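By written order: A, B, C and D. Residues from 1 in each chain.
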Amino acid sequence: MNVSLEHYLMLTAFVFAIGLCGALSRKNAIIVLMGIEIMFNAGILNFVAFWHYKYFVSLTAQVFAIFAISIAAAESAVGLALVIAVYRHYRSVDLDEMRSLKG
Amino acid sequence: MEIAFWILSAITVMGAIMAISLRNVMHCLLSLILFFFGIAGHYFLLHAEFLGAVQILIYIGAVAVLIALATMLTRHITGEEGPREVLGGKWWAGMGTAAIIAGLLWAIIRKDALARLLPTEAANISYTALVGDIGRALVADWVVPLEAMAVLLTAALIGAVVIALEEVIRKR
Amino acid sequence: MSEARYIDELVRQQWLIPFFPLVAAAIQSLLKRPSRKLSATLTIGAMGLSCIFALRAFFATLGGGEHTEVQRAIWNFTWFKFGNTSLDLGLILDPLTAGMAAMVSFVGFWIFVNATGYMDEDENFTRFFCFLSLFAASMLGLVISNNLLLLFMCWELVGLCSYLLIGFWYFKPSAAAAMKKAFITTRIGDVGFFLGILMLYWKTGTLNLYATDGTGALQQAGSLVHLAGWWGLSAASTIAFLLFIGAMGKSAQFPLHVWLPDAMEGPTPVSALIHAATMVAAGVFMVGRMYPLFIAEPGAWVMDFVMWIGCFTAVFSATIAVAQFDIKRVLAYSTCSQLGFMVMALGAGNLAAGQFHLLTHAFFKALLFLGSGCVIIGTHHEQDMRKMGGLRKYMPITFVCYVIGTLALAGVPPFAGFFSKDEVLLATFQRNRLAWGLATFAAFLTAFYMTRQIFMVFFGRWRGGDKEHAHGHEAHEDHGHGHGHHEPHEVSWNMWLPIAVLSLFAIGFGFFSHKFGNYLGAQEGEAVAGKPIVMGLSIAVGLLGIFLGWLVYGRKTMEHASDPDPLAVNLGGLFTVLNRKWYIDEFYEATVFRFTAACAMFFRLFDKLVVDGILHVIVFLALVISQIFRGVGDEFFINGGFDASCESVRLGGKVLAKLQSGRVQNYFRVLSLGAAILLLIYFFT
Amino acid sequence: MDTVYQFLQHAEEVLRGIPLVGGLLARLYHALLGGAPEWVLLAISIAVPILFVVSVFPGIFAYTTLVERKALGRIQNRIGPNRVGRWGLLQPIADGVKLLTKEDIVPRSADKFVHFLAPVAAVIPSVLLFSVVPIGAGLVPVDLNIGLLFAFAISTASVLALFMGGWASRNKFSLLGAMRAVAQVISYEVPMVLAAVAVVMAVGSLSTLAIARAQSGGILNVSHWFVFRPWGFVGFVLFTIGAMAESARTPFDIPEAESEIIAGYHTEYSGFKFALFQLGEYLASIAMAGITVTMFLGGYNGPGSGPGFFGGLISVFWFFSKLGCMIVLTIWIRGTWPRVRVDQLMSFAWKILLPMSIVNIVAVAMWHYITIRPIAWIGTTLWLVLWFVTLNKLAATEKIEKREYRYAS
């Protein structure tokens, strides 16, 4: 059986769901961030797979992937800085304890 | 190709699952690194070598290290979590949502209409000299997004520093 | 055409003109330890170099005076490129640019020399000179640019520098307010300017003004006339109108003039620079630069609009200037008025007259401002004319130069102002008699208030030491050194030398007026009908104004600082109105500010009543649904009294508030569910 | 890899060309591999570079330790190891045996698995680094078209090992060492990569082989080395400093500063795991030296090097000579320089090296666009010197006053 685009789509869908699951159900803010990173990576892998199987002409997909990676890096930097700032305030990275914005 | 795909996929999925399920944050991080390596391997497999190297350089060299530092700055050294602390409130809802989305994605991919749209095999073209092409594409067609990205990264850098420094300044 | 080739070569070196001040500013901003000598040397030296290059360019274009067509050399280059689009920048060298650049760098040079004396005691000497350099650099950049993008960048830089310099003494609340006022007011005009630029780009697809292949925006002005614009104008005129709004802000034309008089809160050399060489000149220069767009469509109301705005500003500001007591404020309103003259000339269709008046005015207004700076320094930071007097004896050099400047501004024949003002009046005369009449009246007022100033400041007896209480609440506490009551004295050489040099130009520059018209390539037009009338009348009103000024102020000078102004005695209430500047600021206060406040109030009420009301309705509906789902609909409808509904509103609020849990993962879950629904929709379609 | 494969395909003719023993070698080769199927040749061509890397470079490592100890000894006016074998030549083997037989101690509270994984993770990236270092004309294990980027990616991954070791040991000194290592490596990576960007810009390729090839030619195959360009010299200095800091060599050995935090991240390691850590560290440092040689010192180029069998042999000789020089240079620096302070370390990276590397990139652009060589020389040199002086002036936080020695004369 040849590896086709569908295989990659399946893989990324699965990995995306795993990341989502982690981001939604874990309590620790850092692990939630990790889950988000996993989702990001799944998305980027999708782009590269589409590129490989010639769904996109030219290098658009690769360039997009590079931008996505950069954005993810910036996002994680800011996210972690937020986690550290929150930790200084609450002495915890527990997302369930951060609810001072409760309406 | 197939063997490599299956091995890498196994590594990727295993790394992802472990990264979100292990109890110790540090172990999670190491699993995440494994996952990143798996993804980088996929990139190499897909002939996107440049992206593979970038993946290692940025995700493993920077993001993972950043997470490690953040963990050490926020947790006690072991990174252990008690059994009750792992899952947040309403974890079942989160998992349910994830399951629903996974199912839907699966269904959509399996859907005939889409499956017929997708090519099954890689076209036979050489993938050489891509790095130069990517560079040219970045500074020719994509220069405005590139500049925007530069601004964004600068802003993120400054923002991260400011956010992380804030209370230190206030104390002085 | 060897000459044309020479300027083609020269245009590639035009960038050197703003380059030197820019480098000077950069070096000064990077210096670790401020050094007065170094920064003054750098600034003045850089300006001198710029001046040399500007003069070289000027003389290169001067040779073209005999040619019929305008000598113009351009140099466009690509700034950067993305994909198939590229952003171009360009430099230009034509008489307009060359004359302007030479004037700016020359006048700027002497202003800088004067500033070394004026700012001698200031703590932030180096910061001041750094800003000055940047200011000059951006103005020179504006002048030499052949591209609206570059022009706009420099335009904004000029605005920024004026903001920084007006508020140089930012610790004074008045200065801080003035800087904000200047910035915001000009920004209003900039909106128009920017719209104009956008529209120009939209219609022509280029921002280059001229191009060698004839695709420049101004070269397409002829075709723009045939495109439709807004307000019943052609595209060319619409763009011109929008651009003129920008010029109105920058050059302080009537509705947007309010910032200029306040701008004298900055140090006096800055005022000189703003009023003479850079900031306000930018607006007029820009109109001159874009002139082909203005005249492209004959008979459009834009030109009339420009003329009447200029005319009104000229008269309006002149009347205000009559009743001011602050020596710099008089000059500030005078600048407004003179700018009105320039704009009027442009509107009347005579580019050369407007630009020529701009140049001559730059010389004598810089002279007057620097002179007033000398007076202020000589009298130990006194700005109120009522507390001056008799300075003729104490400051002879300043006095002579100041009188020359005054005569030039008043338009007395041999001086520069006469020729340029005469050109302006003539141009207006040919276009519209009423405007000409008003302008002549403004010229009369100009002569009058300048004479008033001369007599108040330099004649009579020294009233500075008069009243103790007058000095008790001294506004300028930053120089509270002990000799506030000392006699005034002559200023040092680095302050009077610039005004002496400038006064030479104020005397002699006007004789080039005829040449200048040719130089700018203006067509002589129909025969100078009515020239003798115009000229004679303008001389007459000038002399009349001086005579009246002498009659009112010179015959019997003020004795005490607290004496009322003789004019106030005669004019009564009108004088107060003039003194309060026709209550324009108060008018804005009462209208614009009130309106904003009212809007804010309205929206607050709107928020409270409508938005909250809608929210309540939503809450109510949510409650209804929730109640139905709980299967107690009957009960709700049966017991639907007032109390119950109140209670249920609260309940519904609680239900909705649950959504706002403050937990990030909740939001994330909802988001994911939304994504799931989208996927579902995708799946079933 | 490709070169080996080509060599195998034409081995007989090539071998026959060697004087004296050529015929014998060719006959030997024919007896061994004559007529072997294609896949055998392919397998051999893959195995040879791997075996080479795995065997030769650890050997170099072993004798580097000896040279280091001897040289340090001489610098400190000692003799250094001289007991085991003539001139202490067998010392590395003795050390190896000692470390292998030592008891392996794992702290009780340590995270066993990660503690075990860390030394392994330290070695793997270091070995992988060699896969893109060309050791001779056309002789590179894998000629990746992203070779340099690959090397940087791998070298950043090596920091994870230090981090894992430091964290898993459950020892505050280990953790401090790990955090220092992480901070240091992240900081120094940036100027190092940017210094390499200058070379990449000049060559126009990321392939290490192409970079080495770009430096061939000129007088004696020497004058085209990038180190003899203004920007190349600056890049060389920047890159060497960065590489030294990246592999935590003195004077940048903050992560394992004995006097401050015992031994940093490998405080709790002993025996074979400790040896692996050392191996990884030294291999990384050697590989970085190899990349430095490739990028700035002309790689395998030298008098006499070139394509063909003999040229290839000479090029290998030149490469290893230069590598040896770089190793000795690092040892020399280690023996003579004091360790920098942590804050100095950071400010040096961010205030001097980083701006300087960016300035260097501009210098390469100037070099590229100024076609008249003398002007390019003067211009780039002036530009770099100007910025160097300015940066030093700007970075100087305090004025160093003249010291007064109260007790010394």
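Some notes on this structure:
To be clear about the criterion, a contact is a pair of C-beta atoms (placed from the backbone, for glycine too) under 8 Å apart; a residue touches a chain by one contact, two chains touch by 3 or more.
Keep in mind that what you see is a predicted model, and the values were worked out from it rather than measured.
More C-beta pairs in contact connect the chains of B-D than those of the other pair, out of B-C and B-D. Compared with subunit D, the chain whose C-alpha mean position is the greatest distance off is C. Annotation: 34 Å between the Cα-based centres of subunit A and subunit D. In terms of their C-alpha centroids, the spacing between subunit B and subunit C amounts to 53 Å.
The centroid of the Cα atoms in subunit C and the matching centroid in subunit D are 62 Å apart. Mean C-alpha positions place subunit B and subunit D at a centre distance of 30 Å.
In subunit A, the residues touching two or more other chains are 20, 23-24, 95-96. For subunit C, residues that reach two or more other chains under the stated contact definition are 663, 665, 669, 672. Within subunit B, residues 50, 54, 62, 69, 88-89, 93-94, 97-98, 101, 105, 130, 141-142 each touch two or more of the remaining chains. Across the complex, subunit A meets subunit C through its residues 20, 23-24, 32, 95-96, 98-103. Contacts from subunit C toward subunit B in the complex involve residues 80-83, 663, 665-666, 669, 672-673, 675-676, 679-680, 682-683. Every residue of subunit C that touches subunit A in the complex is listed here, in rising order: 657, 659-665, 668-669, 672. Residues 1-11, 13-28, 30-31, 33-35, 37-38, 41, 44-45, 48-49, 51-55, 58-59, 62-63, 65-67, 69-78, 80-85, 87-89, 93-96 of subunit A are the ones that touch subunit B when the two sit in their complex.
Residue ranges of subunit B in contact with subunit D, taken from their complex: 24, 26-27, 30, 33, 49-50, 53-54, 56-57, 60-62, 64-65, 68-69, 72, 77-79, 128-132.
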